[in-house]
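Letters are used for the chains, namely A, B and C, taken in the order the chains are written, and counting of residues starts over at 1 for each.
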Amino acid sequence: MDARLGLRNTKSILFKAVIIFFAFVITIPLIIVLLYIIKQGVMQVNWHFLTHIPAPEGETGGGIANALVGSVIIVAMSSIVAIPVGMLAGIYLSENPGTRLAYWSGLCVDILQGVPSIVVGIVVYFWIVKPIGFSAVSGSIALAIMMLPIVIRSTEQTLLLLPPSLKEAALSLGVPYHRVILKVIVPCGFAGILSGIILSIARIIGETAPLLFTALGSNLFSTNITKPMESLPHLIFTYATSPYDDQHDLAWGASFILLMFVLLLNIFTKLITRKWNIQL
Amino acid sequence: MLFNAFSFLLSAFSSDTHRYMTVKNKRLDLSYSQMKWETIFRRILITMSVIMLLIVIGVLITLIVQSMPSIKTLGIGYLWGKVWDPVNNIYGAWPFLIGTLLTSFTALIISIPFSYAIAIYLGEYNPKGWLSNLLKNTIELIAAVPSIIYGFWALFVLVPIVRNFEMKIHVAPYGVGIFSASLVLAVMIIPYAASLGTSLIRMVPSPLKEGAYALGATRFEVIRSVILPYTRSGLFAGILLSLGRALGETMAVTVLIGNTSTIAPKFLDLFFGPGNTMASVIANEFAEADHTLYLSALIELGLVLFFVTVIINLIGKRIITRYSK
Amino acid sequence: MEHTVVSASKFNAWFGDNHVVKDVSMKIEKNQVVAVMGPSGCGKTTFLRCINRMHELIPGATAKGSLKLYDDEVYTMNPIYVRYKIGMVFQRPNPFPNLSIYDNVIAGYKLNGLRVPKAELDTIVQKSLTSAALWNEVKDSLHKKGTFLSGGQQQRLCIARAIAMEPEVILFDEPTSALDPISTSSVEQLFHELKANYTLIIVTHNMQQAARVSDKTAFFYVGELVEFDDTKQMFTAPADIRTQNYITGRFS
């Protein structure tokens, strides 16, 4: 009996060791990738890099100013569309959970969350690029479609967690429904909603596939939203696969900037949820 | 001031019954306009939800309409056509189906032990504490890194290593190809099954586990015979979600897969050699598709991708919602 | 001169098909404290929530019959206006966690977008907090959020919030059941002071509280108003055998 018990205990300890190994070994690739990008990219970044457009092929120098500005513009436009629509749809879902519209609309949110980004890109190509041409606007619409499910679900889940006594207190003061939602419920859920929004932005600034056939890219500096516009991930894609070393260098620098930005947004989200969670 | 004086006089003469009506008429008017805004607001909320419906229906219709030329001309045989030759107007999707299945399932198989290990560690062995938080944050970070960055890094760091490896096992040393793409894909999809699995394992009711411990089971035995069976379908849903992610992944795969649309005859050449997935061929060739049939054939691949990923994701989500009931 | 502030006549309320308030008729006079008591599920809270039209906010909830504020049918009036005139304090204190104490008191104005000059707002805040016996305890921290307040203080803040709207009637839904005994007695003390300016209707699970604070008491049982009388009379010589059984503890 004792021998068997000893064997079983050994198995248990071995199992735990194996689990710990597999769980932590996976952090190694991540650390390697992060360190490599930082190493290759940090040397590229300087004032010239941030304020100049790429040099013509084969020439040295140049920077990623067009991609930086382009990413900011495209993401800003997506946010302007996706944040209000997403929040309002999320409010509807949290306020009317049993209705048929909530069921089908929620199903569509789940569907959109699973659609591959390249598919969204080619659909928006037919919707917007065919009529008005390759443009930053079309890229923003594609990215907005990808932002919506994240904003909607996080808004819905944040609001569902709020206690119903909050709504009751406001309604009993004669506050009309829309003010109850906009001035009481949403502000109380602010932390959760904001972190959902920031996460959705962090997700789309790194997305390339939807932009391949919508915003395209360009070597020139442009703020014209009805024309093609370069973006950070698109630049990385184009230059990573090019034969020129200088373009590789630009891509490393762009990767570094993109990575840092995504990391900062994620850290910021964690800080928000920890500090601003309004005590209920 | 005058209004208040007037209403004071009025109230002195009128009975209490009507006092409140005259002094506070301002509020009465306001409350009627509030009701109008209430209705408008409720209509806006409904409209936004309807927009979601419209987007999905629109995506579906666009994909179907644009694939029509290909569906009509090439028929169902397109899906198992082995030759993809746009120059001669011959289209067959089989190379991409193979590429997609090989990369996704290889990535899935590689990722499962890691996802499960993380889920068991964070869910059972160490649910709280600084180390657990550190691991959790690291896993979330893996999911946060944009896929193009994974692809770019792998192209310059992983591919040479794979090339060396391929030379050692006497396979054509491309470096890029299905194998490299699968490796990177595996790392990228780990967080999905891992975080889902963690939540599920944490939800296993303590009485179940305590009953097993009370009978003298070791930790490993409790995990094997109580926790894992209890969470079995949920963990399966996690795998489905990881698979859905793998199937739709485009950029890292496009950069690493080598853009070849033929199927090598021998399996080893196929597996270690370049290829294409449905997503990567769209990314690579969409811009060059100059005639309708070519473009439509690519869109049809998008339609297939759409259906497959959506169905897998929905099944996974259904299983999960059944768990939280 | 006594005036009837709230009068119900053959008033009924349903949750879907569930008939929870049956043919209730009663008249409540101005500046009275009326306690409404009865066992769980007797419809007292539902009836209370019909008075300020909170009942209809629940999907499937309906009501029929006459319920008047002075001479006006509550159910034909604008519900928002009804709630301006009839305030409510809930069982669990529910001050708005994202607003300061000051903003909580004037929440009825602020959230409704009612423009009131700052000086007047200051007066309203001071008056309401004083009437709620909270002014001295919070006058130096008006602009802090109310999370540091005890349960009893939070409840008095909710009372101040209701008073600030200058209602005719204040409804209380088991206002002290979530409070400790000391807070409970401070709130009960308030009832005595508030009735000079307002009419109070208090649903309570606690018979002793009803006996302590009210002028008249209503006894509800299985949706019906069994008895409505002066409190002294109700507790010494009730007319109905069901009331007698409830008071003597045959059921609770």
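Basically, a contact is a pair of C-beta atoms (placed from the backbone, for glycine too) under 8 Å apart; a residue touches a chain by one contact, two chains touch by 3 or more.
Bear in mind the structure is a predicted one, so any value in this text is a computation, not a measurement.
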item: Chain at maximum distance from subunit A, centres defined as averaged CA atoms; value: C
item: Chain pair, A-B or A-C, that carries the greater number of C-beta contacts; value: A-B
item: Averaged-CA centre spacing for the pair subunit C and subunit B, given as whole angstrom; value: 51
item: Where subunit A and subunit B are represented by their mean Cα positions, the distance between them in whole Å; value: 13
item: Distance between the centres, which are taken as Cα means, of subunit C and subunit A, whole angstrom; value: 48
item: Where subunit B touches two or more other chains at once, by residue number; value: 31, 34-35
item: Residues of subunit A whose C-beta touches two or more other chains; value: 174, 176, 179
item: Multi-partner residues of subunit C (each touching 2 or more other chains); value: 80-81, 84, 112-113
item: Residues of subunit B touching subunit A in the complex; value: 31, 34-35, 37-38, 40-42, 44-46, 48-53, 55-56, 58-59, 62-63, 66, 113-114, 116-118, 120-122, 125, 135, 137-142, 144-153, 155-157, 187, 190, 218-221, 223, 244, 247-251, 255, 279, 282-283, 286-287, 298-299, 302, 305-306, 309-310, 312-314, 317
item: Partner subunit A, residues of subunit C touching it in the complex; value: 52, 54, 57, 80-84, 87-88, 90, 92, 94-98, 107-108, 110-113, 147, 158, 161-162, 165
item: Interfacial residue positions of subunit A with respect to subunit C in the complex; value: 163, 165-166, 168-176, 179-180, 183-184, 187-188, 190, 278-280
item: Touching residues (chain side subunit C, partner subunit B) in the complex; value: 3, 30, 70-71, 78, 80-81, 84-85, 112-114, 168
item: Touching residues (chain side subunit A, partner subunit B) in the complex; value: 8-9, 11-12, 15-16, 18-27, 29-30, 32-34, 36-37, 85, 88-89, 91-93, 95-96, 101-102, 104-105, 107-120, 122-123, 125-127, 145, 148, 152, 174, 176-179, 181, 202-203, 205-209, 212-213, 233, 236-237, 240-241, 248, 251, 255, 258-259, 262-263, 266, 270
